[in-house]
Structures are given as C-alpha cells and as structure tokens.
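The chains carry the letters A, B and C, assigned in the order they are written, with residues numbered from 1 in each.
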Amino acid sequence: MAITTKQIPGKKPATGSGAPAPPVVTFTSDFGSGSPLVAAMKGVVLAGCPTAVLVDVSHEVPRFDVSAGAFMLFAGTRHFGGGSVHLAVVDPGVGSARRRLIVQAGGRYYIGPDNGLFAIVIDEVGVQRVIELPPQPGGAPTFEGRDVFAPAAAALAAGVPLESLGSPGDPPIPLPDTGPRVLWTDGFGNLVTNLKPPARKLRIHNHDIVATVKTYSDARPGEPFVYVGSMGYLEVGVRESRADRLLGARSGMRVEVI
Amino acid sequence: MAITTKQIPGKKPATGSGAPAPPVVTFTSDFGSGSPLVAAMKGVVLAGCPTAVLVDVSHEVPRFDVSAGAFMLFAGTRHFGGGSVHLAVVDPGVGSARRRLIVQAGGRYYIGPDNGLFAIVIDEVGVQRVIELPPQPGGAPTFEGRDVFAPAAAALAAGVPLESLGSPGDPPIPLPDTGPRVLWTDGFGNLVTNLKPPARKLRIHNHDIVATVKTYSDARPGEPFVYVGSMGYLEVGVRESRADRLLGARSGMRVEVI
Amino acid sequence: MAITTKQIPGKKPATGSGAPAPPVVTFTSDFGSGSPLVAAMKGVVLAGCPTAVLVDVSHEVPRFDVSAGAFMLFAGTRHFGGGSVHLAVVDPGVGSARRRLIVQAGGRYYIGPDNGLFAIVIDEVGVQRVIELPPQPGGAPTFEGRDVFAPAAAALAAGVPLESLGSPGDPPIPLPDTGPRVLWTDGFGNLVTNLKPPARKLRIHNHDIVATVKTYSDARPGEPFVYVGSMGYLEVGVRESRADRLLGARSGMRVEVI
C-alpha cells in the first residue's frame, strides 16, 4: 500500500518554487525526548547540509531495545522518499568493535551501528548497498551519533556519493531473536508484534486473544482483540483501554499463534 | 492582542531570499512524544509538499481528551500566519462514522476528526469554510492521521484549492460539556480553565482560590491564585509550585465562580 | 574539538541551490515536551522570519533548574554555526525585574532571562556583546518567551542588527553555586558534572567512584566509573545501568574530587 498524495487525482507535489525537494534527514534514538544530544547531532548535520529538513522519528526507543528501535525506525521512515537519510542510534555497544554502517534500502539511506537496528527495514524492502564507516579518531568514544553518524548523514544529504564515505561491507546482522514476539508498545498500550497478516488468534503472557477486528470501533469494550496494524503487522489492542496493562505484556514478550 | 514581530518598528519579515514564505504544517495528537507514527504522517506530508516547514504543537494531549486537545490546538496554532495548515488527531472514534473535516478559521486550515477538537479555535475566530473529506478506501482504518488527514494537509500546503479536496459540510460539532471547567494542566501544574477575564475568585475541587495576581512573582509562595493566562483564559497557579497537586485538580474538573 | 563535516576530505557543505544557508533558531525550555507554548513561540518566530530552520534543544530542562538548563543549552547549541539564534527560557522569575538579554557568544546569539542560563556557554566561549531587551508593554507578563524573546529571535534570524534590538548591557550573571556538582542527569542516568578533564576519582552522595574509563564498553558491569563525556565534562556512568539510581544522586548534588 503506497500512501502518498498521489491519492489526490490530478495533483502533483509542488515545491512552491520549482526547486528540487530539499534533502531530508531523520533521527531515531533512545536518548530520551528531552536530550540536548539530539540537537547536537542536528547542529552537525546542518553544518554539513544547511538546507536539510530535519524530522524526529523518536527519541523514546526503550533504552538499548534494538528490536523496538528496529520497528520504530521502519514505521517512522517508510513513507519518506528516495534519497532520504535516516540516522539511528540505539547502541548498547557504543565505543566497542561493532561496525558503523550506511545501508541503502528501498532507495533510502540508513546510518547507525550494526546491531540489528536495520533488520525490519531490510525484511520489508531488502538491501541495496552497505558501506562501512571508518571510526572517527578525534571523536568522543561515547557519542558516535554526533561524531561518526551525523557527519555521514550530512554528507549524504548534501549529495556526497555513498561509496566515497567508506568501504563496501557485508549485510547488517539480523535481530538476535526472530521468533514471534512483541516488538513495541505504542502510546495507547497497543502491542505491535512481528507477525504478518492475516489476523488470527494469539496467546500473549498466558492470555488468549480470540477476537479479531478491522478497527477499534468494531471491538467490544474491555475485550482484547487482534487486528492488522497500520504498519502491516498484527497488533493487540483493547478499545479505549490499554492492552499492555490488561495483559501484563511488554516489548520482547513471546507470542504464540493459537 | 496580536503578537508578531511587527512590534519591532520599521522592520518587515524577511525570507532571506525574496521568495514567498514556505508553507507551514503543524501536528497535534495524543500519540505520545515518542511515537514514530508522527514521523509517518510527516513523511506523507513531505511526499506531497517537500518544502513544507513542519512544527509539532503537541503529541502529549492526554489520551482521548478532546477538550484538552481543543485548547492545545488553539494555544499552539493561534500565532501562525494565514494559509498555515494544522493537522490534529485526538480521535477515540477512529475508523467509525464521525466526519473527517477541513475547517478554515482565522485564515488558517485545520484538519481532523469532527469530535469537538476545533471548538476552541472556532469560539475564538469563527468558521469560514468547512469541507468534508471522503474516507480513504485503501487506507488503514486505524490510522486516518496518515492516510486521510496527512495527504489533505500536504495538498493544502502545496496550494491545492480547499474546495477540490471534498464537499462542503456543516460546521463542526462543539465540545460536549460547555460549563466552566479545567481544560488543560500545563507542565508547571497550572490549571487552564475555559473562563475568560476578568480574573476573579474561583472554586475548584472544594478549594476556594481568592487571590488574583498579574504575574507569578506578584504572588505569595504557597497560596493559589487566579490570573489571566497567556492565551487569554483564566488560569490557577501557585508560585514555584504545582496547583494541580496542591488542589488535587485535573483536566475536566468543574470550576465555580464564587 | 571541532566536529563538522569538514572531517570528510575534499567536500564542502552544499545548500543544494547555491543559496546562503537558512537562518537557524533553536529552543530550550522547561515547559515540557508536550507543551503547545513551544509552538506558540515558533509561530511568532516564523511570522517574523518565515525561512528560519527551527530546532528543539530540549523542553525537558528540570523545572526552574537554571544550572541544568545552562548545561543543556551549551550541549545542544555548541555545534551550530555562526549567526545561529538560541532562545532559552528557564525562568523562575518571569514577570519580575531580572533583565532580558541577547548575548552574542562564540558567534552565536543567545536570548533569554538573565539568571545564569548563559553561564556555561560563556565559560566555554566568552562573551562578545550583550544587549538588554526592553519589556513588552502589551505582552503577557507570564509568557515573555513568546512576547519578548521570540520576536527578538525572529528579528535576529531575519537579519535585523543586534544593536537595534535594545541597549548595550553588562555581562550576564553567573550561576549562583560554582562549586563542583552534578549539572544534569542524561536519559541513561549518567551524571554530568561541572568538572573538566582529566578523569579522576570522585565522591558523590557518599559513594566513591574510583574507576576511570574511556568508553562504556571498557567498564565492568555494575561498577560506577568516571569518564570524559562527549561535551568535555567529567561524567559518572554505570555500564548498561543507571548511575543516578545506583548512587541515589541527582542534579545539584555536590561532587568531591578524592
């Protein structure tokens, strides 16, 4: 399902000036919404590409939760156009030997540590090219988001060719655990799983969820249900209530198809 | 009170290039500050209008609290210029039969579900035109913010005429409860009511608030007071403390003028 | 340590159109991430400078904590270029007699109340010029961020000369407490102090922290350690855990060098 304003017949995107679309750089991290470190990364990106349009995907990835981050990165970036640049830092191993990557996937560029963070994007759209970034000798070993990834994001946004930023590398590693499970809990307490349609009965944390619906208003108040979420994965919700609390469930928990 | 940089005598807004001002699209929701769904909506807006300037009003509207959302939408958008586009999603009824609207008010465009969310904007500046958006057959029934409202916001920002986006409709519905009450609690614990000046004595949650002041520093520490808030409504605060905690009060509570 | 994309040899920043870099305005406050008052300030800035690129540094400065705000303002803005404009409001004394300032420092402009908020920026880069802004007679006495500081930020971003916005003033006041202490706790629970390198043994809240490391992955799990943080100050962390909880420490607490 392609979601664009092409849905409005006979209308084409307009930039207001005939100029090419400005480059886009997005940011995903577990720094917390109030962290000034995000602005530090943005300052570096704007220093290298002053016309970049900056968009936050989330800085509320649960700390060090690479699986949740992988889903949030996919969900927040899948509607951006070709050439858009997506910096992601959820990185329990910052400063260690894991690789630093630029992954071209679906025509977009993803930049961050090689720890599984790109796995869901790649599941969905495949990998086109992988570049390994060199470490930054003068950089702070605790903040590669600013000192390694942000300069690379700025360079890509400014039109520097991908291959000039590092050396070709092997594909990124997958997520460690690939069995059915909860990837992320949204702000309403809905549980996003890594299962694909069709909607079917699930067991989570010893609860059987046997109702399946198309949208929240089709559900009975208080009864948990399975539905196809807006990102294409099965989710579990409760109408005007929180499935995470009702079921005592959280990110990482296993899910069984029943 | 018009608050613009016209306050600086002899200076006119400059775009730095003589170009027309870029279109502005703002976002208000109860998705939570860390939700990647906001970025999904922004991706759709930028796909349709790459030069749009994107501004978040709030994604911390209390879940499903349409009254608080109506105030926050008004407060966050009233200083934007004519032609600016304001997408708002606080929508307990997503996927149900409530209408999907574009409301032109005060020269600005407001887009979202017809559930009272536009009521305070309309109280303040009236309604110019109302357009009903058609449902989006291929869209996700749980995420009209992305699949119905964001494409409409992009189209308006890109200069598509309002009337081409749907059919003329009746005015939006008001908020269900219009008696005096607390609309929103700000980050400092100040209680914003739906009462207009002059400042006068109020009773909230069995507490009489009898002091009225012009600004926080005029108040005595520890004593709650009524003042005219920066958005033109009566508010209740406590100097360097939290009125919500001191009074045990929260959004939705009734207020009496005493 | 200058962190810019100059690190990528032979590549110059490109704006994509040959146009000059758009003006940048950042925002720092203790309003809370969900406050619509931030968007109100942005509306005023865009009214006066429609091409401004708007960046949030943080709206999660701990309420009224000027020391934490001073660090966050420094950390979030130090990588922005010359001419960038940084509006900051952490202001227990709003509406009182403290001065309203524009401080030019490190080629950037900082705007806000004179209560110590600019102290760490000035410690790092010195002061070039100081302008006192006049009060805004028609403005809301509780929201100078919108009615005094935002119009000034817009004017500077639009190219209005600094000296035309007010009268020359004395340097800003310093922070009240200048002894060694915790300035800010980041989202991972790391404690940022106001001590400069080299890393050495510290005592915080009756705990001796005797390990010093270069990066998190060099540390032993569970043992607190001192390291040079990414902003150039000594920090205390615990690998994949929270130093603030382990040590029972928080912003403002004294630190001893042992």
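Operating definition for what follows: a contact is a pair of C-beta atoms (placed from the backbone, for glycine too) under 8 Å apart; a residue touches a chain by one contact, two chains touch by 3 or more.
Everything numeric here is computed off the predicted structure, so don't read it as measured data.
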Hey, what angle do you get rotating subunit A onto subunit B on C-alpha, to the nearest 5 degrees?
120
Indicate whether more than half of the residue numbers at the subunit A-subunit C interface occur in both copies; give same if so and different if not.
different
In angstrom, rounded to a whole number, how far apart do the mean CA points of subunit A and subunit C lie?
28
Could you list which residues of subunit B touch at least two other chains?
19, 22, 33, 59
Touch list for subunit C against partner subunit A, complex
1, 3-5, 7-8, 11, 13-17, 19, 21-22, 24, 26, 28, 33, 53, 55-61, 72-73, 75-81, 186-188, 214-218, 227-231, 240
Mind listing the subunit A positions that touch subunit C in their complex?
19-20, 22-23, 30-40, 42-44, 46-51, 54, 59, 63-64, 92-96, 136, 138-143, 146-147, 150-152, 154-155, 158-160, 165
